[in-house]
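Take a look at the structures below.
Here come two complexes built around subunit A, the first alongside subunit B, the second alongside subunit C.
Moving on, here comes the complex of A and B:
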């Protein structure tokens, strides 16, 4: 049985693929930034926040971690308009991805925060640093360095999960693959090409995040 | 010792990989011969597209396409296995041999004719753009700047892409349910779909005041057969011709669409 593959039919649609690549990267970058920001705040709440806030964050984290991402996405895109909130597919995707990432990252960062030696915090307090200063300058950098591999993995997972956002017509990579194969019926070639693009993207993103972490977030740490 | 375990694992993994590859090979045997030998025909039908193929509260598939599938099976004297498909995967299912026939509001166009074969038409169908009464739309130029929901890969997707101006925002969804949800929830202003779907939307959501706006294409439904299966195709054509003369085709159209089938094109 011979199978003839025609990759040129897929590569000839490079504008659609390029748009898809752009949107995947855009969705990942924005949701990673937003998600990590929320996660850093929530991690503080879970370790040192007031009880009522801690309960809210705990419920939020458990709910998001224990429900499928596609359901969260569909709820935001198809469900919220019933409450009067209509978001574009791209905005709904970014929101869903950021919320999803923040829930998992809260737990990851909390693990790093709780691994901070007590002595560090006591020394900082004895130097009259304020609580926000202690959290952001003393606790966060070593904590982030400890959990950075896990955080990077989670970001890659969310980036690959953005493939689901094509279901609500966000024009990212998997949407591009589906569109191309629905036009020229080259399903095998379309998905191979897009899989390779995702693979390359994941490798590059991991390398970039590892560099960015040590350069901007926790550089100069020893051990 | 670890080397032994690693080698065994590698062998097992390779065997599993090769085994799984051989399972998916679709041999181009005569489908009609297989159907008659196994006394079973696999027909792909929609389950998200009333009144052609949908599920009632009891989750049993019903509709015009489903009835047509059962009729063909009974004429061939075999059992039928109904396989639910979406617009996006119905042609790949046929190409890979997972279904012998596709009876799923399948329109005929030159791109599809390159990869599959068609029988005679068995039911009427036209696609158009529908939207709220409050929106005035009389020609394709009026689509400029508006959002239109459509199901990816469907005939209306192709036709809409051809006539829509550059500033029209076409939002493509994976299946009919998602497209309808997008329209009903207000995520898109207009919907490009077939008449039955639109009528269903109008019936279930009267508050939207949906009405017909533009014609995209008049495209009757054909049955899809994998390329090269000439014996199966002629047999199904025979069945359709008999059904036309004895009134079965009109009966189905009357039952599900409340209108006669009219003159349907031959393949």
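Moving on, here comes the complex of A and C:
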């Protein structure tokens, strides 16, 4: 049996692909921002918070890290309406992605925070800086710099994981692939094209985040 | 209307859990074998071969596992290669696992000081002997933690096989949730079962 591959049939549907690309990037950007924010707070709680709060965050981290993302997504999208919380596919996706990323990032950032020399904190205290100032201005920048490559990898893992969100009809890239192949029956070509877009996106995201990290997060010395 | 007790739900989920465990083992062992072969080829230092393997790793690490599964199941079917969900899932997960494991192990082997290779060579050991008797025994000690850690990723990865119709824990959960109209309870149990499966493995590596 000979098969004629027709990639143009897929590429001709570029508006669908573009919408998918837009949503994948959008979901990733929003959940990365939200997830990292939660992680920075949780990392602080895990190193300096009260004991019961530490235990809570520890349980949260372990539970999220030891269950599949798809189950977290299904629980939020299909399970929560039983409690009266009805979310749109997009919102459920962002929430699941942010929660997933926050659990991994909490551990990553905590490792960076714990590597801060004690003398630096004592020096900051002796300069009468407040605790939030010490954490955000003294501890965080070098900690983030140390663990940034790991965080970038984790963000990319979450972005690739977001392919699952198409299953709850969030209009991202894999959803676009399913839509296209249901129209023209070009399953192989659709998935190949979309897989290559993901690959390109992963490479570009890594480059962009590495650049952003050194440019904005810990590069410049501010007075 | 049939009433389902919690025990009905949990019992059926436990039955499906067997397939999650089996698929994980197949992918992990198969991926380990392929990953090891790739490692040996890459270490032997043929320029184009290691470049090829580098690309292989990049592709599997830089694309969603879901797309790999879809390509194996829906994509290959277009070429007349109609795999069952079970075979397609095993194939995709094995390749995925091999790419990650070969990269993890390469890092471990590379962390062995060059002097060890040189010392082995100066004792007139050939490449196979250098790798097998000098470098690998030392490398294996440091590979255990990240390798077992990746097993957790594989177990969680098998959840995606549900989307090509392979009936494991996640698929069973979806089916039961649709039959009982209790998604909150069912997905809660599914999450708990995954946790009970994965957490002991995670705990094992941290000590």
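Criterion: the second predicted complex is superposed on the first by the 216 of 223 C-alpha atoms of A that agree within 3 Å, B and C clash if a C-alpha of one lies under 4 Å from a C-alpha of the other, contacts with A are read in each partner's own complex, and residues count from 1 in each chain.
Simple rule for what comes next: contacts are C-beta pairs under 8 Å (C-beta built on N, C-alpha and C of every residue); 3 or more make two chains touch, one makes a residue touch a chain.
If you're wondering where the values come from, they're calculated on a predicted model, not measured in any experiment.
K.L.:
After the alignment on subunit A, I want to confirm one thing: do subunit B and subunit C clash, or do they fit together?
P.N.:
Clash.
K.L.:
Should A:179 be classified as contacting the first partner (subunit B), the second (subunit C), both, or neither?
P.N.:
A:179 contacts subunit B only, not subunit C.
K.L.:
I'd like to know which partner A:63 touches here: subunit B for first, subunit C for second, both or neither.
P.N.:
So A:63 only meets subunit C here.
K.L.:
Quick one: is A:167 in contact with subunit B, with subunit C, with both, or with neither? Answer first, second, both or neither.
P.N.:
It touches subunit B and subunit C both.
K.L.:
Now for A:187: first (subunit B), second (subunit C), both, or neither, which partner does it touch?
P.N.:
Touch partners of A:187: subunit B and subunit C.
K.L.:
Per the overlay, which chain contacts more subunit A residues, subunit B or subunit C?
P.N.:
Partner touching more subunit A residues in the overlay: C.
K.L.:
Report for A:78: first if it touches subunit B alone, second if subunit C alone, otherwise both or neither.
P.N.:
In the superposed model, A:78 contacts both subunit B and subunit C.
K.L.:
Go through subunit A and flag every residue that touches subunit B in one model and subunit C in the other.
P.N.:
Residues common to the subunit A contacts of subunit C and of subunit B are 1, 78-79, 81-82, 167, 187, listed in rising order.
K.L.:
Under the touch definition given earlier, write down the residues of subunit B that touch subunit A in their complex.
P.N.:
Of all residues in subunit B, those touching subunit A are 25-28, 88, 91-92, 95, 111-112, 114-115, 149, 152-153, 157, 171-174, 178, 181-182, 185-187.
K.L.:
Report the residues of subunit A in contact with subunit C in the complex, numbered from low to high.
P.N.:
Contacts found on subunit A: 1, 3, 62-63, 65-72, 74-75, 78-83, 156, 160-164, 167, 174, 177, 181, 187-188, 191-192, 194-195, 198-199, 202-203.
K.L.:
For subunit A, which residues are in contact with subunit B within the complex?
P.N.:
The contact residues of subunit A facing subunit B are 1, 77-79, 81-82, 86, 89, 166-169, 175, 178-179, 182-185, 187.
K.L.:
Looking at the complex, which residues from subunit C come into contact with subunit A?
P.N.:
58-59, 62-68, 70-71, 74-80, 152, 156-157, 159-160, 162-163, 170, 173-174, 177, 182-184, 186-188, 190-191, 194-195, 198-199, 202
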